[in-house]
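Structure below; questions to follow.
By written order: A, B, C and D. Residues from 1 in each chain.
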Amino acid sequence: MISTGIIGATGYVGVELVRLLLSHPEVAKISLSSVSFEGQNIVDVYPNLRGLLRGKTDGVLGDADSVVEASDVVFTALPHGVAEKYAAACIAKGKKLIDLSADFRFDEDEATFTAWYKKSYEFPAVHAESVYGLPELNRDKIKKARVIGNPGCYVTAATLALIPALEAGIVKTDPIIVDAKSGITGTGRNATEKNHFCESGESFAPYGVGNHRHQPEIARNMGFAAGKPVNVVFTPHLLPMSRGIIATVYAPLVKPLSAEEVHALYARRYAGEPFVRLLPLGSTATTKNVRGSNYCDLSVHVVNGGSMLEMVSALDNMVKGAAGQAVENMNLLYGFAETAGIDHVPAAF
Amino acid sequence: MISTGIIGATGYVGVELVRLLLSHPEVAKISLSSVSFEGQNIVDVYPNLRGLLRGKTDGVLGDADSVVEASDVVFTALPHGVAEKYAAACIAKGKKLIDLSADFRFDEDEATFTAWYKKSYEFPAVHAESVYGLPELNRDKIKKARVIGNPGCYVTAATLALIPALEAGIVKTDPIIVDAKSGITGTGRNATEKNHFCESGESFAPYGVGNHRHQPEIARNMGFAAGKPVNVVFTPHLLPMSRGIIATVYAPLVKPLSAEEVHALYARRYAGEPFVRLLPLGSTATTKNVRGSNYCDLSVHVVNGGSMLEMVSALDNMVKGAAGQAVENMNLLYGFAETAGIDHVPAAF
Amino acid sequence: MISTGIIGATGYVGVELVRLLLSHPEVAKISLSSVSFEGQNIVDVYPNLRGLLRGKTDGVLGDADSVVEASDVVFTALPHGVAEKYAAACIAKGKKLIDLSADFRFDEDEATFTAWYKKSYEFPAVHAESVYGLPELNRDKIKKARVIGNPGCYVTAATLALIPALEAGIVKTDPIIVDAKSGITGTGRNATEKNHFCESGESFAPYGVGNHRHQPEIARNMGFAAGKPVNVVFTPHLLPMSRGIIATVYAPLVKPLSAEEVHALYARRYAGEPFVRLLPLGSTATTKNVRGSNYCDLSVHVVNGGSMLEMVSALDNMVKGAAGQAVENMNLLYGFAETAGIDHVPAAF
Amino acid sequence: MISTGIIGATGYVGVELVRLLLSHPEVAKISLSSVSFEGQNIVDVYPNLRGLLRGKTDGVLGDADSVVEASDVVFTALPHGVAEKYAAACIAKGKKLIDLSADFRFDEDEATFTAWYKKSYEFPAVHAESVYGLPELNRDKIKKARVIGNPGCYVTAATLALIPALEAGIVKTDPIIVDAKSGITGTGRNATEKNHFCESGESFAPYGVGNHRHQPEIARNMGFAAGKPVNVVFTPHLLPMSRGIIATVYAPLVKPLSAEEVHALYARRYAGEPFVRLLPLGSTATTKNVRGSNYCDLSVHVVNGGSMLEMVSALDNMVKGAAGQAVENMNLLYGFAETAGIDHVPAAF
């Protein structure tokens, strides 16, 4: 049993972490902080939690330093550019940190981080040892890490869609098209025109065409799997629903392959992966089937007369795309069962 | 052909007025003002209007005084408590004003206005002559008015549900229960937690139980129809949809009546009303059937073994509940056909 | 560890039972039947379950008799009027049955059952011993029962809203008004005009006004709590969302009481109830806060100048209103912790 | 003033035609037929129309032959494969017909029609003279036609997105990727699992990947614009909303061009088009802005370092994608203003 803490507990990712940790069998304690609601109780901010704190927390939203002090492992669920100092503090005190912002997603490439996030590294030593927390790519490194950069939501969907194809070299990479669609929880808890019900309901559109910050992260991951640079055209869209991401990914095949051949390749690569569900041929991945869970569903399609691989990847942006994957990383860090606390059966509706 | 103006053109009620006036056959000109977006073009704030200004406006959002100057009739679509001075100015200049806030809804009863809206009257003379703009109650007075207080959205639904029963004295009045439900446009354009898609979608709840400001306005209207004070229990709820209000109204019958008898009474009272659609017995009023239109659908039900009248009233809160009714009042003021510019056929879906 | 079975596993209530039992710590086995999909695998009907059967079931949808044979306790999630024979069979074989239709909700009153459901009892002996499964009313009887009639969804919300007030005699009972609103899962899995997205989305209306079959069940329960007949006016409405029920309940107070006094009464009555969450005064029950969980949130309001009690009751119609309450009854039957397998923390969004 | 008729008036496209024709200034009469509801009144099937038939129709749903007899122009809104005989009858009687199925979309290519729709032509002479009704491509031919094949919804969005680029030869064509997303009205009025609120709400997924029947129609149109065969990869997805289509279209540029250059090209090609709104650079097309209207919004984006044209096309699938475009074709056939009856200002919400 471990003590956990969440810095930024009242954002959407933060409170989703609270939900998961409250039911986690290896978590004894959860400390919470929030700048916006410091001093209040999380039950008053999120009444869904009323009566369900289960002795793991009193719900009081304290300050960040106290959370670090009280915890074996700290989750930072903050805006980009704020987590570094907590990571440094955790290392200094022999604790671990899992960050859910972009701050530790580009450790090997500060230039790209700076270009997209307008910030330099203040604690380079932390970046030198932090690990990118996508278990399907980095499981062994994650187990030994002290600081983990949890991947972006779109990024997880897009990367899982193509790892096997890129590792096997069956697709061309200039460019790969990622047409992705996300539920509105991705805009966060802050009320804006973008997430106003009457602006976003009964509507649909792309946004950030050609300049969304998940593009370089996807390209980097794909390049890592391919062993060479990959060009990615990435278009995010906002869906009139709360949770879920679909990435529809188009990659030309190097030479014609049958859907069966590609499916077999994916089945081999993902055998034993606890959270990747490769659907049988003929099925199509759908956000509904993974809602509220840590699973990523993948369906394989070969189109355009056998010349194009089209992958559909579905996950819950708040779980496998954020808080669930962070708990998965925690499980790896501490040698717990990888599925502990995140094995919810998605509801049918 | 007249010149119109909208002060507060970029709120939800304001832009709905723009939509209606752009297609109105008797409106030659629309002047616009906005505090939030002054100097910008309404097409940039509401791109749905792109290319559709039709020579009636250049779309530039100016200041309120210029709107008064340029218009024969001014619509004020502002927060409560701001419209008085524009009304006084319009009277002084021989113009007309239709206010969509609560400022002229309680003219005969400043005490109630002050109790609920925390403001005294600054221009009592205006209130002395302004008229409450519910055509089904006040049509003749409206035709001769210079300042009109447009009714609240919930209020219109609830009042229309009971005018015939109250005028005929067939229901008891202590209390009448109005259980009402509104779409989210009722919260306005300002982004808040209440209208965040992820807070309001897939959820439902009452709010303001026992202390919503439409309660005294409903009670006053019902008392006017009944010729005596009426006690109203009013509970608003927020629906996970954009447009539409249902008021489910419960009023005990003085003596048992059949549904047929009540229906016949309503049919007589509302014969010739252009915007009240009394549904045949066996049908139930539904927001879908009036969406985007100025119609109010009413269905009559007698329940509890013949002892309780239950009325269902459905309208579009942005049209008959706000902008459409304001245009209806304008039509009455100028002797246009009452349905001019607001005879849209509601879509089936 | 027990063996469970579900007859009618592919309806919405059936598959929600599957979801709950798959994670239930005391359930070793789940047998499944379906008339519509007999011979198929539930994973092909509900792909959300793919890979998550956890050795408790092979997913094959068999016939009802085999389910009875294989199970210690059988859940029947069938249309009204079909469960009796399975109940008789279970009793004969020393097994237990929990029925989620109306078949065992009126055991003491066949006339009412027949009037509303157009069917007589074929196995009167079963009805003589079956128990109505609302734990907050009947916990001790449930523990010793062999056949349980699980309450209706609206009924659970409405009944829990008033038990304390009726038992204490603080409200008048002629009539009590229950204005209730349900998500669309309540219409079941069968595709109809009523649950067509384009008919039900962005719309809202009452249905079955004055003649819904949950009315007599609510009145019976309330009468049981009051110790005398209670008159209930019940109006259900269909919300444009999937899960959740709100019952807004209006009951005149016998004599004026403060909200504090009523709240204290409710707090005493529901102390120790694991699934009733009485909200602090000033809060309002909301479906969002209980979504996916077995909790029923209650808020207390006193309105109309202290003369009217208004209760708001919120629950998930598929969980506390159906499958979750059935599992709660199973827990009581077998002496498991009452919350076993149904202690999910509702998500914040 | 002309007499119009709708065969198949109670499907979603049929009733949308009713809505538009009721307000059309040149339409004196509307005759209606329906197989499913023959003998009933359309007001009972679609209560939104109550009281709004305006002397143009009595609402009675008759048989198809009577509709042909009574009308100058007939709209057939039927399943694929049924309209041919009505077209032949209209030609024989000197009337005109506009078909909203696929039956006259492939006149020059029966083989493709047969391959995708499993039906041969029974009246080849009709196909020899019928015209494909996309005004932006075929306006002059439409004006002189007697039978018109109205384009598919996805097809209209995708084709309008690329006509200028293909005509100018600035994009490569092997393949062009069309990632398209549609509201649920596209599934029609028939209730199915696909349009069940609880299956389609809060969910999103592609369907028909690699084998949707709009693919050959898009490829044919694009080939027509390009003057050579075009390879199209087309993926439709189903959005959790009622109305609207977005097509996100990816076409590699033959040589690098700036967004300004492409935008200027589009501006020239679409100058004077009444229903294409080319958005200024920096804006993104959104379904909300065209909802309920006949406009198609287009936004231009150049991505991947200047090597890829990405177009976003937004329209209302029931209006410009079906009934509105059919009325536009009628306007062209009769020399009415092209915008007559279909110049609705889309609402802001």
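Rule of thumb we're sticking to: a contact is a pair of C-beta atoms (placed from the backbone, for glycine too) under 8 Å apart; a residue touches a chain by one contact, two chains touch by 3 or more.
It should be emphasised that the depicted structure is a prediction, and the values quoted were computed from it without experimental measurement.
A.B. asks: If I rank A-B and B-C by number of C-beta contact pairs, which comes first?
C.D. replies: Of the two interfaces, A-B and B-C, more C-beta pairs touch across B-C.
A.B. asks: Taking each chain's centre as the mean of its C-alpha atoms, give the chain farthest from chain B.
C.D. replies: A
A.B. asks: Round to the nearest whole Å and give the separation of the Cα centres of chain B and chain C.
C.D. replies: About 39 Å, centre to centre.
A.B. asks: Give, as an integer number of Å, the spacing between the C-alpha centres of chain C and chain A.
C.D. replies: Result: the chain centres lie 36 Å from each other.
A.B. asks: Between chain A and chain B, tell me the centre distance in angstrom, where each centre is the average of that chain's C-alpha atoms.
C.D. replies: Their C-alpha centroids are separated by 46 Å.
A.B. asks: Would you give the residues of chain C that are in contact with at least 2 other chains, written as numbers and ranges?
C.D. replies: Each of 12, 185, 198, 201-202, 240-243, 286, 288, 291, 349 in chain C touches at least two other chains.
A.B. asks: In the complex, go through chain B and note every residue touching chain D.
C.D. replies: For chain B paired with chain D, touching residues are 12, 15-16, 19, 22-23, 46-52, 185, 202, 242-243, 277, 279, 283, 286, 288-292, 295, 297, 318, 343-349.
A.B. asks: Inside the complex, what are the residues of chain C that reach chain D?
C.D. replies: Counting only chain C, the residues touching chain D are 12, 184-185, 189, 191-193, 195-198, 200-202, 240-242.
A.B. asks: Spell out the part of chain C that touches chain B in their complex, as residue ranges.
C.D. replies: Against chain B, chain C makes touches at 175, 177, 179, 181, 198-199, 201-207, 209-210, 231, 233, 235, 237, 239-244, 246, 248, 250, 284-288, 291, 299, 301-304, 307-308, 310, 312, 314, 349.
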